[in-house]
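This is the structure, below, for whatever I ask next.
As written, the chains take the letters A, B, C, D and E, and residue 1 is the first residue of each chain.
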Amino acid sequence: MITRRRPRPHDVLFAVRGAILPRIWWRVAVVAAAALAEMGFDRWVTPLQHPTAAAFGAFGVALSLFLGFRNNAAYNRWWEARTLIGLLLAEIRAFAREVEVMAGGDRRLIALAEGHMHLLRLFLRQIPPDAAALAALGPDADLAEAPHPPCAVLDRMAQRIAAIPDPIARRALSERLGHMAHHQTGCEKIALTPLPFAYSLLIYRTTWIYCLLVPLSLIEPAGWMTPVFAATIAYVFMGLAEVTEELVEPFARTDNALPLDAICRTAEISLAPHLGRPAPPPPQAEDHYLS
Amino acid sequence: MITRRRPRPHDVLFAVRGAILPRIWWRVAVVAAAALAEMGFDRWVTPLQHPTAAAFGAFGVALSLFLGFRNNAAYNRWWEARTLIGLLLAEIRAFAREVEVMAGGDRRLIALAEGHMHLLRLFLRQIPPDAAALAALGPDADLAEAPHPPCAVLDRMAQRIAAIPDPIARRALSERLGHMAHHQTGCEKIALTPLPFAYSLLIYRTTWIYCLLVPLSLIEPAGWMTPVFAATIAYVFMGLAEVTEELVEPFARTDNALPLDAICRTAEISLAPHLGRPAPPPPQAEDHYLS
Amino acid sequence: MITRRRPRPHDVLFAVRGAILPRIWWRVAVVAAAALAEMGFDRWVTPLQHPTAAAFGAFGVALSLFLGFRNNAAYNRWWEARTLIGLLLAEIRAFAREVEVMAGGDRRLIALAEGHMHLLRLFLRQIPPDAAALAALGPDADLAEAPHPPCAVLDRMAQRIAAIPDPIARRALSERLGHMAHHQTGCEKIALTPLPFAYSLLIYRTTWIYCLLVPLSLIEPAGWMTPVFAATIAYVFMGLAEVTEELVEPFARTDNALPLDAICRTAEISLAPHLGRPAPPPPQAEDHYLS
Amino acid sequence: MITRRRPRPHDVLFAVRGAILPRIWWRVAVVAAAALAEMGFDRWVTPLQHPTAAAFGAFGVALSLFLGFRNNAAYNRWWEARTLIGLLLAEIRAFAREVEVMAGGDRRLIALAEGHMHLLRLFLRQIPPDAAALAALGPDADLAEAPHPPCAVLDRMAQRIAAIPDPIARRALSERLGHMAHHQTGCEKIALTPLPFAYSLLIYRTTWIYCLLVPLSLIEPAGWMTPVFAATIAYVFMGLAEVTEELVEPFARTDNALPLDAICRTAEISLAPHLGRPAPPPPQAEDHYLS
Amino acid sequence: MITRRRPRPHDVLFAVRGAILPRIWWRVAVVAAAALAEMGFDRWVTPLQHPTAAAFGAFGVALSLFLGFRNNAAYNRWWEARTLIGLLLAEIRAFAREVEVMAGGDRRLIALAEGHMHLLRLFLRQIPPDAAALAALGPDADLAEAPHPPCAVLDRMAQRIAAIPDPIARRALSERLGHMAHHQTGCEKIALTPLPFAYSLLIYRTTWIYCLLVPLSLIEPAGWMTPVFAATIAYVFMGLAEVTEELVEPFARTDNALPLDAICRTAEISLAPHLGRPAPPPPQAEDHYLS
């Protein structure tokens, strides 16, 4: 995640980190080149049709709406993912307190809750166990090898809870476990269910058709500025499509995905007093980027 | 469900699996043919009116908005269905753990929860019991013949829970059963309530009228490219309507519906440790398709 | 509710059941006649102003947005109503199971839950008690005469629950009753709160003004096709307004309202095993219509 | 709240009650006068620029979108307010039943719940105690003078609940109290947090600029109909802004606000059997208006 | 927060407090100057291309949609933040009552709940402890120095709750603590997760490109009014972007952010009776501004 908020005037002109242009410049260039080619063909080979801009109006509006819809869906996935991870963090904090209130503060149980967050991070990002995860798991590091590690750690927590004699405490902690399972499964849902592929294909194809045809409607009103206009239009539409691609996968390790490492660190800071450890330092962005 | 995410440049040009064009090509062809016929009539028989593109502007915007609205409603149904199935999966996982914590791990009860997921899958897809469902049900295979199988399996679970002596355990498990009933009924809601038919009819009729009239406004500005433009417009609007048709029925067995088989398999992997079985292999996409 | 899903090509041309045209044809005819009159006046009496279509552009977009907004609000009411009724059905199923788990299966209590669904149906549709409702209520048929029948039946259920000796069972069932009260009150909310009248009036007036003025902008570009275009525009905008009118009242007995009779039947099928009765046959659509 | 639903043809022409025109006619007149003045200046003093309607296109679309957005936000506030009041009503009904089930039907406690609804109504509308509220409070009328009356009545209910010996009953009723506090605080949120003022100002200013500049673009295409068109555009945009203003304050006593008096009456009807009173008559609309 | 609601005619002309213009006037001026420069260059140096307004149509619609989308996302963040703070307030009120009902009214515990609200305010605004916060914390002022103060105060509350002998009371209060943790973590989510930076950059860059290019399309239709039109367009688009910037950070201390000081004061008024203190005066807006 890029931690910067509002672009300053200087950024509007020059910012590269977090910007979309470096990843789409070749597409913008292709459209500009196509515009140039259409202009040349029109002037030197044989005159092409020049449909008016109004003829492209409804097409442009339709494309804007579809890109806007996809954009909206992507943003909602991203925010739902952020909300679910936040709910999981809240649940872990509440779980730790409830272990103290209801079950005398079983530290192993609290450490497993921290381990769950790390294993879920590994699972969602499809990466092998790293140092932070193994340190959190401690003696339960074998869980990282289970067929479904985030489920396995909740199973082990359930086993410890089953051994608590007080039925009211058992039930209270078991309910918290149920909430954790809900938020975990919600994250899995987002990680494993892509946006319908047919959408993406339809929108990409439509965007390309629009960007390659639109110079025809610009030759007359825009003259030699046609490639500039075509490139601008390509920048706007392709740029939006590209931002969308990153938000659609909120658990990836891209510039606009969620900072799962930092959120795990926040969980460690919150749980430190319950585990009798000093709180680790808060997560630090490097070059405005939190991993 | 198509498991592919981002279309590569190659896909934008050639992808067929998951694409919408194979299913709508004849409609696009009809529109192109109509455009050709209108052009011919206009040139050789008698000149037709050539309303300007601007006259079609508001019509095109209105159509975009209605298609966009329907699209949105369809996407929300699809995502709500995915969320409900995800909640049911989370509930089953939590249920299995709670059976261990509160009721000493009654394996028959856990197996029935797995059976519920399979019977719901059969019910939503309106297919007869298959091998996976019967294997999950085991000795309770008679449930597949009940008037309402997903309700019947929850009823049988309630009977087993009623026999647990501890009232706190009974209540906890009975609450989980209530949540499962909620998510199941939510899925039934989506499966049994189509989008209002009047909408669909209105939108289909409007789309056809628009696509058949729009060539008139293109003859002047677009000349011989009129059929190309008309076909493009038909591709965009008919394509969107067609994607929508698949998302509206998220429990069907189409390319863009939900992978219920894979989700049932995920449930089996999660429940395997509770049932003392080895975890089955994770679901595999065939040619990027999960059933 | 019309149970048909996707209109076939044949339906797009000919479908009448569930279509909007039969109810708005006179409005479309009025607009076409007005267009004809404006054309005649323009040609034979005195030339009128011919504002360009572009001058109508913003007006048309604004109207589309407002109709789209109203449409959205209506659809959301309809889906919220469907969701609430579904939640109530889920709650009744869970209630029946919980009565078995916690209170030894008091059949009268379960029958009252079924009666609640029927009395709510009568209340929402403002119709007198019918055979199905009286059969479900059985010895408690006097409840249908109470000042607020759905509340009265929940009150009677509360009295039976108050007599259960086990406090945990009492609390569990009382919570379910609370959920039923929530869903019932949500349905009342939708039935008793219309969309703000000022909206409807503003949108109807605007639609009429637009449809009656727009032929002026079509005379020049569309010539003798003006009445056809005007009628098409009227069909789209009036049609959308009309669909909206039905969805706004999801508990009415119109083509696009909710099938409350069928949902009550589904509840009877689910509760039959708990009441020791054979399950009644599932609801059948007549001519694609479920009441 | 205006209880009328669908405007009849007669209403579209003549309805005044609930209509927006009486409140905005002077603004529409100002715009028509400005259009006339611009026309006169253009013809007799010195010709003005006549920007084409297309130049106003993007401006008009932008304005439609912003008005549409504000409209949406206002409607959502109104519906959220309606939902919260409905949830409170459901909660009170459930509370009364739970008092009977769990605490032997303490009538004073139930009467206080009714009083809470009335005091919240007074608080949200910022009006002094009226007869209905004092009748509901009975011997606890002093609560109406507390610094925060709706909180004070819940505090008093908590004191009565604290005296119930059974801890399960205490907890059950205390949870209901918590829900009531949630819905009450939600209503306070809406009553005390206006839409951001900067929005309103930006939108009003933009609307006026648009309406005063747009006649320039109409002089050429619309000729002497310019004031008619300008007035129509002003009617649509100003009318929508005005409806929005009423929905933004759903607890006020305007035509389109919520009928809090009627909802309190509904609560009284529901609680009457628990308080041993005859049910009062249902609320009656006067001239289609429920206060 | 600006407490004013509806702008009066006088405000539309002159309001400065809460208005957006003072913060964007230099941007509007830059665009007007650029328009003037383009006009001069076109007239006296060399004629530039004059693309028609229609050519800008799709661009303008796209920009409106993206600004509208961002606007929507920002508003939803702001309202979600308001809702979460409202839920926290409701939870604290319910907590105080539950402490009286279930745990004999431990005043220290209630005071800590008030302290939690203040510490969360400091945390969200990233400001050092102030007098109001220290007064609320009283003997627990050391909590303000913890690594994560809002978590630390909940931890201390958990310690006090753990000492309550009755397990039902312990569980009830511990659940309330869990809810408080949820709402707190939700607020942290909003404070720490900015809108994706790539969006902001894309939108700012697009807005500038549009505003700087659009005068070219206005020279012909608008003549010497070009700078006026360009400035108006800049005012609308830049103004909307600027309002958005404030709503995106609902916990900041800007004109359109949330009045956290006032909400803390409301909490103090509600809790005063439980703490045996007189209620402090309600929060007062200064020059229509609540901090």
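Simple rule for what comes next: a residue touches a chain if its C-beta (ideal position, glycine included) is under 8 Å from a C-beta of that chain, and two chains touch if they have at least 3 such contacts.
Just so it is clear, the model here is predicted, and its values are computed rather than measured.
Applying the stated touch criterion, the connected components after chain B is left out amount to one piece.
Spacing of chain A relative to chain E, judged by their CA centroids, is 23 angstrom. Averaging Cα coordinates per chain places chain A and chain D 37 Å apart. The set of chain A residues that touch two or more partner chains comprises 52, 54, 57, 59, 61, 63, 65, 168. Ring order, beginning with chain C and continuing to chain D: C, D, E, A, B. Across the interface of their complex, chain B is touched by residues 49-52, 54-55, 57-59, 61-63, 65-66, 69, 73, 147-148, 151-152, 154-155, 158-159, 161-162, 167-168, 170-171, 174-175, 177-178, 181-182, 184-186, 188-189, 193-202, 204-206, 208-209, 213, 245, 248-249 of chain A.
Across the complex, chain E meets chain D through its residues 1-7, 11-12, 15, 18-20, 52-54, 56-57, 59-61, 63-65, 67-68, 71-72, 75, 78, 82-83, 86-87, 89-91, 93-94, 97-98, 100-102, 166, 168-169, 172, 176, 217-218, 221-225, 229, 232-233, 235-237, 239-240, 243, 246-247, 255-256, 258, 269-270, 272-274, 279, 282.
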